[in-house]
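Sharing a structure below in structure tokens format, with a few things to ask.
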Amino acid sequence: MSDEVIQQTKLWLGEHYNEGNGRSEFADKLKEECGVLGIFNVPDASTLSYYALHALQHRGEESAGICTVDTKEKNRFCYYRGLGLVKEVFDKEKLAELKGDRAIGHVRYPSSGEEDAASNIQPLIFRYRDGDLAVATNGSIINAGEIRTELEQQGSIFQTTSDTEVIAHLIARSSADFETAAKEALARLNGGFAVLIMTNDKLLAATDRHGFRPLVLGKVGSGFVFSSETCAFETIGATYVRDITPGELLILSDNELREERFAEAERQAMCAMEYIYFARPDSDINGINIHSARKRMGRMLAKESFVDADIVTGVPDSSISAAIGYAEQTGIPYELGLIKNKYTGRTFIQPSQQLREQGVKMKLSAVRKVVEGKRVVMIDDSIVRGTTSLRIVNLLREAGAIEVHVRITSPPFQNPCFYGIDTPERKDLIAARMTVEQIRREINADSLQFLTHQGCLDAVGSNEEVRNRGLCMACFDNDYPTEQQNEQMVTSNSK
Amino acid sequence: MSDEVIQQTKLWLGEHYNEGNGRSEFADKLKEECGVLGIFNVPDASTLSYYALHALQHRGEESAGICTVDTKEKNRFCYYRGLGLVKEVFDKEKLAELKGDRAIGHVRYPSSGEEDAASNIQPLIFRYRDGDLAVATNGSIINAGEIRTELEQQGSIFQTTSDTEVIAHLIARSSADFETAAKEALARLNGGFAVLIMTNDKLLAATDRHGFRPLVLGKVGSGFVFSSETCAFETIGATYVRDITPGELLILSDNELREERFAEAERQAMCAMEYIYFARPDSDINGINIHSARKRMGRMLAKESFVDADIVTGVPDSSISAAIGYAEQTGIPYELGLIKNKYTGRTFIQPSQQLREQGVKMKLSAVRKVVEGKRVVMIDDSIVRGTTSLRIVNLLREAGAIEVHVRITSPPFQNPCFYGIDTPERKDLIAARMTVEQIRREINADSLQFLTHQGCLDAVGSNEEVRNRGLCMACFDNDYPTEQQNEQMVTSNSK
Amino acid sequence: MSDEVIQQTKLWLGEHYNEGNGRSEFADKLKEECGVLGIFNVPDASTLSYYALHALQHRGEESAGICTVDTKEKNRFCYYRGLGLVKEVFDKEKLAELKGDRAIGHVRYPSSGEEDAASNIQPLIFRYRDGDLAVATNGSIINAGEIRTELEQQGSIFQTTSDTEVIAHLIARSSADFETAAKEALARLNGGFAVLIMTNDKLLAATDRHGFRPLVLGKVGSGFVFSSETCAFETIGATYVRDITPGELLILSDNELREERFAEAERQAMCAMEYIYFARPDSDINGINIHSARKRMGRMLAKESFVDADIVTGVPDSSISAAIGYAEQTGIPYELGLIKNKYTGRTFIQPSQQLREQGVKMKLSAVRKVVEGKRVVMIDDSIVRGTTSLRIVNLLREAGAIEVHVRITSPPFQNPCFYGIDTPERKDLIAARMTVEQIRREINADSLQFLTHQGCLDAVGSNEEVRNRGLCMACFDNDYPTEQQNEQMVTSNSK
Amino acid sequence: MSDEVIQQTKLWLGEHYNEGNGRSEFADKLKEECGVLGIFNVPDASTLSYYALHALQHRGEESAGICTVDTKEKNRFCYYRGLGLVKEVFDKEKLAELKGDRAIGHVRYPSSGEEDAASNIQPLIFRYRDGDLAVATNGSIINAGEIRTELEQQGSIFQTTSDTEVIAHLIARSSADFETAAKEALARLNGGFAVLIMTNDKLLAATDRHGFRPLVLGKVGSGFVFSSETCAFETIGATYVRDITPGELLILSDNELREERFAEAERQAMCAMEYIYFARPDSDINGINIHSARKRMGRMLAKESFVDADIVTGVPDSSISAAIGYAEQTGIPYELGLIKNKYTGRTFIQPSQQLREQGVKMKLSAVRKVVEGKRVVMIDDSIVRGTTSLRIVNLLREAGAIEVHVRITSPPFQNPCFYGIDTPERKDLIAARMTVEQIRREINADSLQFLTHQGCLDAVGSNEEVRNRGLCMACFDNDYPTEQQNEQMVTSNSK
């Protein structure tokens, strides 16, 4: 049936939650962020976007969208957006109808508590006085609510509950030419974000003044590509050119690339969690490979907090690299002590409470033959609420592990994020209210050690000369790069 | 799959056209208009809306939508809209989620050439400064394009290509209180329309200054119902109260009905084609039953243009009543000379040109045993381009009719409509460029007669004291009730 | 999702019942029978079958199937079957894959109480020793259960619960050549049926010894077509050749038509209900047009049981022809006193008991303006349980009719059918346990008259020289053409 | 839409191929085998089956089915089967309708060239004289074609093209009691298979005389579970009891487990490829953990064919364990040189040839930062046609690897399998027609070494006292455990 599924309140969300969609067994993992993708002057841009977004899928599993400019037919927009994985939302027929050699695309997680996931699917598309406008963002605009209220008072009607929409209204309201209007709009925004703006003839790319979120430029054929991560370049045969820098505004028009600014750069503050957890291991951020950084975290952790044991195991998938680093550093063999079912996904049926108590596992199992009778070092990337860690330690114990030593490849996570990570409130962060020893007891581990702040920075190994090596470590050290944020702001629900 | 099907250009339309969707064998029939429905203070408003919209389905087969106000949960809006018949768009689960005892609903045909059918599905829903706004219209707002351009120049972003959207922006831009803003907005509109506007606590109903389109008020239980036609009342057990009059604005708030005006009434001009063709035979408009009016048209036609024949047959479904009237008046037996396949619908596969030439018929067939060797009077309601009439006359001849006398229950259709009927341009109206005799030859009939202008007015039998008995006959007599329209305005694509 | 929906027990049926599917408000109407269709040596046989089955849709609204022989690729079978209307089951892509110039098709109602509707969708397809076999039937095989038990004892495994399957097993078990095996198989069957059997190179058509069910032969281009009703011929541009006679077996092979027999004809006994209710008004059975027969029934009824009244109305759709006949005979005007919503269908949501009590009507409404204050003659084709008649009489009364005189175009329906109509048990047939006067009171009518047995026969007007004019009137007169049937046999669930 | 998707020829397959379905970039990987699952006397058997089949998903990604016995309602069967992953085929509603505390389930790959995938989805369900019969197999029945021909000559009609169906017909044709009939049927079968047979009151489990395919028994609560692999036990909280032995027939009836035989055991010959490639790393076969066996293969390979290099990498997912073993043995660091996109699946759109040439990769990428400028040891499990190996070597080279040394954890694959692996013909096996040096050149490697026959056996480490340590190594050593097979037999298309 050809139904338009636009619903205002919880009609859609309800269905979706019933499907399982990642509010899983291990729901206290941090929610990964969105991914953005732009292509300019490359034939069959929608299909390339499809493959590139597929490579960025880990940054947003709940919805996907592509908007193209049909350069052969009056630069009109063609777009399609839907709930689900990239492969679920698009098929050959849809891609074929998305004509043109320019495109922007998006993959997305809704924020927790968001009530309007279906109509917030990006790229957002607008028609205004001067034509069409497509906007895709990754991150968080802290003052979006404030700007929105101001515009609504002046009679603007918003189409979504997404923060991203303020960008379009600021541009539409401006009496300046488009590029000036876009710069002024971006300059009004406060927060951490990467943004792509497409019109009928241009494509703009920018990151905030601090460069919290990654955004890279590549070449493919005679055209250009923007992506949240470099892994998309390998997938579509593109070549990496450079990372977008804080406050920069790149403008593609005809086939010219202009490098401008919408604001002065401030202290660089790339999100450390991108290295620790979010980004794909084969991506590079600011020239540093993620897998390698994680392996160094594992090695560093082994140096800082060695423990004698029979095997090292990592919590899949994000901690495998670190676990191998730990194993190499210590000589303790790396083993497959935990295994994740690769088929689990959004539509999977969650086991009931009763079935879980009977021992039904959905996603992660311990491997009895491997861990039975063994002293196990279990490597994980972070502890948020602590519930997941407890479950995994218990899985290992139930499978016969005689000791479980937990080693975490980052410092204790103590502060909420305002720059694009969907974190719980501070009171729900276990490290904000307990000591390491209390956490150890809470998660039932024989020992527990976190990587030190300095160890983490050194393992990443980025620019030594800037504060925090150019990383935002606010979730660990409470040192927010922007003026002090307060927690009320966290209610913002865009990505 | 849970896909949001919002597409900008022809992506969706393409699919839809492939499904057949009524651009059928007999595509030169006039497109029926939209239907609107409102319910106030009746439990389970969405389910009642479902049945009532089903009764109005003939006014719009291509999309349907319902928006409710959940009075138990902060008067929030719940809505669902989709492409297809009412029964295809809604199921039990969706109706159950559309909570509350107030609702507005809509069924719709897109305008010809409209490129954005999916996002124009009504009711349109907006969030503005003061809350939520749902708007549903039937008809045409002639100056919508002009108002839109003015608002866009001021920085408004429109969500749809629908004329209806200007109503919401006019209200949002106003600095007056809501009711005043609504009146001012309606007063700016030029054209023929019925409109329902719902907010979190009120429901407004109005028709234009001339009352071109029908809109009736009923009671159901202790609440109220608005509907484009009375047939919806019978379906849901409601009682007819009265027709809404030109320029009137009815306001439901709490459980009070207030009768106000947004403009002075001008000359009443109810669309004559509602009586002739559009409305359901069991509906009454301004107190006159449609079936009875059509039967009188048939009788009048028999008096005006009797022809000796063996049988009378009507083109199903709209001309059956008139054919029976003609038969009763003349004594010539009414027979089933033409039959329509009742299962044909939107998803039906159109026969290819080659198959049609082989004789494959999709929808309408002549009944050989009934017409073979007979002189046939064929009653139809109107001739637009003439192609349909030719086909039907030929069907009868191929099935053995020896004479075919065509009798039309309205005068020659010569002028385009600006008030809500999707008519071809004047040059494509056969009666605008040919004499009756020329048309007769064009449609291969043995004789052809149209009902006279006076005969038509008298058969309807409405108020004798006002011009044209209170009917708009502009498509027949070029006497447009509003200031002279020009054809450029016809590009407006809302319903 | 690509699901194979084969379920053994009530899994599917449950879903289906939830959809409404005709167990409607007026569920005590007799269930119409299946329709069969065969095409031989006509290009694009699947598409022609699609249009022809669409014309036969009224004989079975719940499932449809087409099997073709791809004569260009080794005479392999291609088939597709599904639940739903013809237009719902098939789309262009599916038809395109059903290659070849031969086909058989089927539309179907499941029997009441049938638990296996999904796997019983016809044509049934089998692979046996000598190739492929497709079988489609309309009617009932009384001794199917007995034959099945016998074959299962010998080790046969049945794939469905359909009676039709015994035909394939009898052929597969035979050691004779195919045509002989087919004749022997048909000769073993007892009951009322039309059957089409297709192999990789032949197409066979037959009706039972009494010819209970209609089956007609036509020509289309240089090929042939078999159909349950002639209305399919008009739809696809075919020419009627003749009706298949009792006990006959027509064999198409290469492009030769051979006329053989599998049994001697016995007394002809065409189902009278085909004329009265089942067949489409534009079809002819044994040369008699259905609409004309029904109109004669109405006229005859007027002669037999005139009543003075203001208007005549017919219960749509089947009784319109008779009502017009009644009106013409009496001079009382025919009016649209009852109207049926043409959009109602399988997926429509039934109103709850509570809504019905509030006056919500799903399908049929009385037209207040037409019947108010009038004495109404209401024509219907039959009374089965009586509940429907009561509802309709009450609809008319609630809409203001002051008298309701019910006239039925057939004699009282008193006996169950064993030949393909899905009738209730005798105890549920109101006419089997009440006098006409009792029924009148039960249905709240002012008067009630049935057409007489002789009046019915004469109105049909078939061959005067054979018993009952060649009709089976067993449901009215208890004179079963086959040896006395007992009610246990009625459990057979095939069509 | 509620469609029954039964198609005879390529109708369905066509659609499916269009979806991508694993005939991927790396299509010359061996096709994994089917998985079977049985549950007896455990509440909510369908839901447990769902989770257990999910754990067996890697053994068959193309279809899934579950059949339950509703012990509370006359032991009737309830079943549902569909194309797709377990999570795609089933949802909560379907599982809820599959009532009862007994079930068998199946996941499946169709054989290459199979034309009837949709109707071959297992478990196959039959109704015969004595009730219902559900059969699920993993493996290959070599003489199924021969038995089928024999039964068809006697008049049996087969429902599918699956080898598995002969088991049901042999039982239905037998005049013995059910258990005897089942034993006789199994005794007639030649090949390598695990089989589950469920009736209305019993559940039978068996493997062939040589035990080619794994099948294990577990306890869950007070009931029993059979599974192809132990990984399903961990998932549902079951406890491993023992592996089923060759020729054994386990019968569950009431709550008794009887251990019987249908044939004498012959030389044990567990498929070596289960250890090398097919089974999940957390499973144990005959008491040996797969991950551990693979790690030993990696270590053994390092001992047999050390090469100096900078990094070791494994082809994901199956060769990761071996690569880590190789790294640990040699001290060369294990790195993430290759990464697989975990979201790729059946519905993914394959890149066109042109896009591939542009560098678009669907599933596997090399990680430039990791391999650039490095000498790489690339561990893989086997080389079948050689095309995959060439592609992966080239991926590494294009990403900058300066040397690529390929090490394979099994001997050269030279002979087709008759026992359940879908292998190409011998002429398409690269190792059957080339020397190791020729293959090295063909795949563009700097060096290439295979694990030796003895090294492979010792790494698995199973029972030393029987021939080949109880493994079937026929694909490597041409020593077929059953009487000599010839290649014609390989056309059998069941799993």
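Each chain gets a letter, A, B, C and D, in the order it is written, and its residues are counted from 1.
One rule holds for everything that comes next: a residue touches a chain if its C-beta (ideal position, glycine included) is under 8 Å from a C-beta of that chain, and two chains touch if they have at least 3 such contacts.
The UniProt protein names, listed by chain, are A, B, C, D = Amidophosphoribosyltransferase.
Predicted model only: the values in this text are computed from it and were never measured.
Visitor: How short can a chain-to-chain path be from subunit B to subunit D, counted in steps between touching chains?
Guide: The fewest steps needed to get from subunit B to subunit D is 2.
Visitor: Going by C-alpha centroids, which chain is farthest from subunit C? Tell me that one.
Guide: Centroid comparison gives A as the farthest chain from subunit C.
Visitor: Just how far, in Å, is the C-alpha centre of subunit D from the one of subunit A?
Guide: 36
Visitor: Round to the nearest whole Å and give the separation of the Cα centres of subunit C and subunit D.
Guide: Here the centre of subunit D sits 49 Å away from the centre of subunit C.
Visitor: Give, as an integer number of Å, the spacing between the C-alpha centres of subunit C and subunit A.
Guide: 60
Visitor: Could you check subunit B for residues that touch two or more other chains and list them?
Guide: Within subunit B, residues 1, 88 contact more than one other chain.
Visitor: Provide the full list of chain pairs in touch.
Guide: A-B, A-D, B-C, C-D
Visitor: Please output the residues of subunit D touching subunit A within their complex, sorted ascending.
Guide: Where subunit D meets subunit A, its residues are 1, 18, 44, 47-48, 50-51, 54-55, 57-58, 85-88, 90-92, 95, 220-221, 231, 234-238, 280-282, 284, 289, 291-292, 295, 317, 321, 324, 328, 333-336, 339, 341-345, 347-349, 351, 355, 358-362, 365-370, 399.
Visitor: Could you pull out which subunit D residues touch subunit C in their complex?
Guide: Interface residues on subunit D, with respect to subunit C: 1-12, 14-16, 19, 63, 67, 70, 76-84, 88-89, 94, 97-98, 118-119, 121, 125-129, 132, 152-153, 155-159, 168-169, 172-174.
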